[in-house]
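In the part that follows, the structures are each spelled out as structure tokens.
Both complexes below contain chain A, partnered by chain B and then by chain C.
Up next is the complex of A and B:
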């Protein structure tokens, strides 16, 4: 009886002790976090220049932050409330760090950006850290409705979404074609997959060169048919073409299609790899059964293979939609939205108005961002709803 | 009160002690040009400053010019260096208005060199009656042309608009495209527009337009565009200009397919890199259009500013005084092939473009910064897109001008 109570009190004592220790560490860390500055670090470690104290300060702050988080976890886990409700609380503790960062870097900025869209602001805080903008209500949205560039960008966004979908059937076709056992097939597969490995910026550059009407691949091919080489007035060789080779990225009617074609190249590879893995998992029994029932060719594909590829198709469509909305990199490297804004999409137009080249219409840019967000919300809601449905079915 | 007084005396004493005991003080400079010659000239000036001020710990940063346009916002608001490069004219406006640049009128008044040798450029550095920066370099714009092509066709430098147009006719007859240009990054088109506007309407209209006092649909601006249309028709530009950067556009110029280029003097080095020699290229001022109009020129300047949050203001001012001296300005601009804003500084008399540029600018009735520096950035962006569109398809003129009016009404509020 007595030994039992001592064990209990002991455990109680150590748990409380741990909680108190963790609490003290937590308070110390937080207090130190508020206190640490580059000036202090410079003083403490005797750096000759303030700028050199920045790096150590950063590391000190990070370690204090980690210390504070660890202490907080210790503190929570040693509470008796936690012990009684472990199963309910533990997942939230694991989630909490991610949630905090998700709040800071995703959720809060969304609302900030929506609130900026009702203001006129050039992106600057004055010397005292006071925001320099002014509230203008729905003004930016009214401007948007009258802005031809906005409609161009919106239309281009739509073009991207529609034409980018070509990647799915083309990827499927290539995957079916490559899904055979021939000697060296792995080499062919990796060659087809290759463009997806290259960075978007590099793809953009390669296509910009290929499209160049002066020295690009296309104009080279063009010159076989329509050009002749002459000597010009200075005795140098020059190329005279009639008609002139198309200037794809310099023409408002062709620029967007040119960029989409460049974007499709890696996207097709992506869809292809998704379908190839999907094809690997197709049950041979069903193929066999289909064959016994006399299905082949198109019928086999339509009724036996494709239904089994449904998950792959779903993912392929999802990543392609995301890819189409991520067209920013390609546009930035290939045309910067030009000529005269005709290849803009909403994302690039937003960047262009707010951040790009110091234009600094942050309010207007935020209004564009809000519209883009609303459009994407439709798609995201559908996606989440679909995921939710799948979860429910699985249960 | 008494306590406060005591405290301030104590702090002054402490500061005095600190400054004597800690011999070394800091200076952080942020520059924005990585082109080899520009970088070398900057490094040389910093080295000279270090030598002259051994007790100052100088940290010299340098970064890409386009990236700097974005990063300066952060630099001024959070993480200020003591000296930073930026553009004068309207481009410094937002930062001056937000109080992010330090007013250095006192330096302009107390430094004898700044007070007496920078009169020509002082208005450019002035906003709200105060001076905000010190320029280290500027350069002329004009028409660079292939002298050998001109000689071959027995043409001479045009002095008037008609001479230019008839020159163009001869060139086209001979299969030469009169002008090269690369408008992919838009600003080159603004150079052509500025000159047409300065020659058609003069300096005041340029300033009023970029200050938002004149509409784009104004008859005077329409006259400028009418001249531009004539120029597009009779003096055509290379057809693929929308896909080329200004460097790409040098290729047809160097190959002899195009004969003229409306450009800034920073481009001369690139012509020479492309294989052209001093004998093959030359420079003339953009010809007169409206007879009798006082001749104004484009002369964009580059300058150093002190952020309001700078920590070592005294050292920063020392540096600005230093780079304003005639010796430093001479060395610096000789190295980069540009012009020193300091009237006492020497220029490189072996460089015919510099000599001619000096001549051009010192006799000019007014100096414009450049469309995209005189106009606010948001206006400039739309404006230059409009210019490019007009160049590709002159029939869109009305649409372009009406859209620019709309943007203007919004931007200058």
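Up next is the complex of A and C:
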């Protein structure tokens, strides 16, 4: 009896001891967090410039934060309340770090951006750290309605959306072409997928060069049909073409199409791989059954294969829409929105207005971003709705 | 299998397929091949108009060496590595936790919070840009590699959670149920039971996130201005501006930027593809 009580009190003592220790560490970490600043770190470590103290300060802060979180977890798990309600509390502990992190960097900024769009602001604070913007209501949106560049960007976004969709059928076509079992087909499949792995900046540079009217790939192909090489009066060989090869990225009417074509290259590869995996999982029974019923070619594709590829098609459409609306890297590398803003899209126009050359127009930029967000929201809602249906079915 | 297996068709068709395959691949990768050829020829070739013929001399090592010698390409590559590796580790680790919480526990917030992660993952970058810049400014981490890592890690946590939650949801729930009945602590279930089972998902996510971050251009150009902290994607764009008319160097630098993700892809192909299909199609 006595030994039993000692064990109990011992246990109680270590549990409380742990809780108290964790509590002390938690308080210390939080206090230190409030105390640490770049000025302090600069002074302590003797950095010559404040900027150089930034990274060390960041690491000190992060370590303190991790310490505080760990201490908090220890504290919570040693409470008897936790032990009685494990299954209710545990998920929140698992979620907490990721959720808070995601909230701070992704969810809250959405609403901040929307609120910026009702202000005029250049991103600066005055010397006392007070916001220098002013509230202007719907002014930015009124400006948008009268901005021809906005309409060009919107129209180009629409073009991107429509033409980018070509990636889905072309991807399916290539996937069908490659869905064979000959020797070395795996290597062919991976090489076809190649363009997707490369950064969009590099794809952009490759195509900028390919489109170059003087020495690009396209001008070379052009010269097979329209050019002849002559010796000029200086005795050098020159190329004479009629008509001259087009300068795709330098032409207002063609620039956007040129960039979209470049963007399609990796996107087709992505859709192709989605369909290849989809084709892998098709039930051979149904194909055989279809064959017995005399279906082949197009009919088989339409009535037997495509219904089974539905999940792949869905993902392909989702990623293509997102890719189309996110198009930024290509435009930044290939034309910077030019010539004369003709290849702008909302994503790039927003960037240009907010942090481009000259004064930052944070309010106006945010209004453009909000419009883009609302367009995307249509697709996001659709995607979530589909996911919700799947979840309900799975139950 | 659809379309019908080619080995069952006539000899002519089989032969045509075998010929068509390399031709199609050649056309498909033509831009890449052409730029590779440019990257190994001397500058004089381009000036004299020999852009597509046989290079007058092969300068693979000279050109790529020149990129490293004349530019900060090595620094850029290192910076990218310093951004991509920590981001991958943090976001995948956090997603193991969140994905586990959202898949295993049946509480009324599970589905709404899951949808929050999914929705946030799909928003256009521009709607986040200015507040993130403002926040990084005030936290004094703008223009630093850790500052960029923080954002990337937070954002990628959304995608990783989507993937991880679906993966864990497909695991047999009875395993966890019986462990709970035995009185195993929730954290021990996670650590000893679930974590070993999600290794394939972790591998897929690591490969994918590493490639995503390696190829990121937008966030690096927004959050980093200092030349010494730039990643390779932004660096290559800057080189493009500096090396006007030096296409052999620009193309060599571009291809260098593409090498690590390509190697990653070929080394971990299965995981890479599993990740790309968002777990929608298994296989």
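What we mean here is this: the second predicted complex is superposed on the first by the 347 of 395 C-alpha atoms of A that agree within 3 Å, B and C clash if a C-alpha of one lies under 4 Å from a C-alpha of the other, contacts with A are read in each partner's own complex, and residues count from 1 in each chain.
Throughout what follows, a residue touches a chain if its C-beta (ideal position, glycine included) is under 8 Å from a C-beta of that chain, and two chains touch if they have at least 3 such contacts.
Model, not experiment: these values are computed from the prediction.
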With the two complexes superposed on chain A, say which partner A:338 touches: chain B (first), chain C (second), both, or neither. first
Mind working out whether A:57 is in touch with chain B, chain C, both or neither, as first, second, both or neither? second
Can A:355 be said to touch chain B (first), chain C (second), both, or neither? both
With both complexes overlaid on chain A, does A:123 touch chain B (first), chain C (second), both or neither? both
Larger contact residue set on chain A - chain B or chain C: C
Looking at A:244, would you say it contacts chain B, chain C, both, or neither? Reply first, second, both or neither. first
Tell me the contact category for A:199 with respect to chain B and chain C: first, second, both or neither. second
Does chain B (first) or chain C (second) touch A:146, or do both, or does neither? first
Just to be sure I follow: which residues of chain A are touched by chain B in one complex and then by chain C in the other one? 51, 123, 355
Residue numbers on chain B that touch chain A, as the complex places them: 24, 26, 28, 57, 59, 66, 69-70, 72-73, 76-77, 91, 94-95, 97-100, 146, 148-149, 152-153, 174-176, 183-186, 239-244, 248, 251, 255-257, 308-309, 311, 377-378, 381, 385-386, 388-389, 392, 403, 406, 410, 413
In the complex formed with chain C, which residues of chain A make contact? 38, 51, 54-55, 57-59, 62, 77, 86-88, 90-92, 94-95, 97-99, 101-102, 104-110, 112-114, 116, 123, 176-177, 179-182, 188, 190-195, 197-202, 205-207, 209-210, 215, 217, 220, 237, 239, 265, 270, 273-274, 277-282, 284, 287, 296, 300-301, 304-305, 311-312, 314-315, 322, 325-326, 328-329, 332-333, 346-347, 350-351, 354-355, 362, 365-366, 368-370, 372-373, 376, 379-380, 383-384, 387-388, 391
Which residues of chain A touch chain B in their complex? 48-51, 120, 122-129, 132, 143, 146, 148, 211-214, 232-236, 238, 244, 247, 249-252, 335-336, 338-341, 352-353, 355-361
Note: in the complex, chain C contacts chain A through residues 1-7, 17-18, 21, 24-25, 28-32, 34-35, 38, 46, 49, 51-52, 94-95, 97-98, 100-102, 104-105, 107, 110-111, 113, 115-120, 122-135, 139-141, 143-147, 150-151, 153-155, 157-158, 161, 180, 185-187, 190, 211, 214-215, 217-218, 221-222, 233-234, 236-237, 240, 247, 250-251, 254-255, 257-258, 261-262, 264-266, 269, 273, 276-278, 280-283
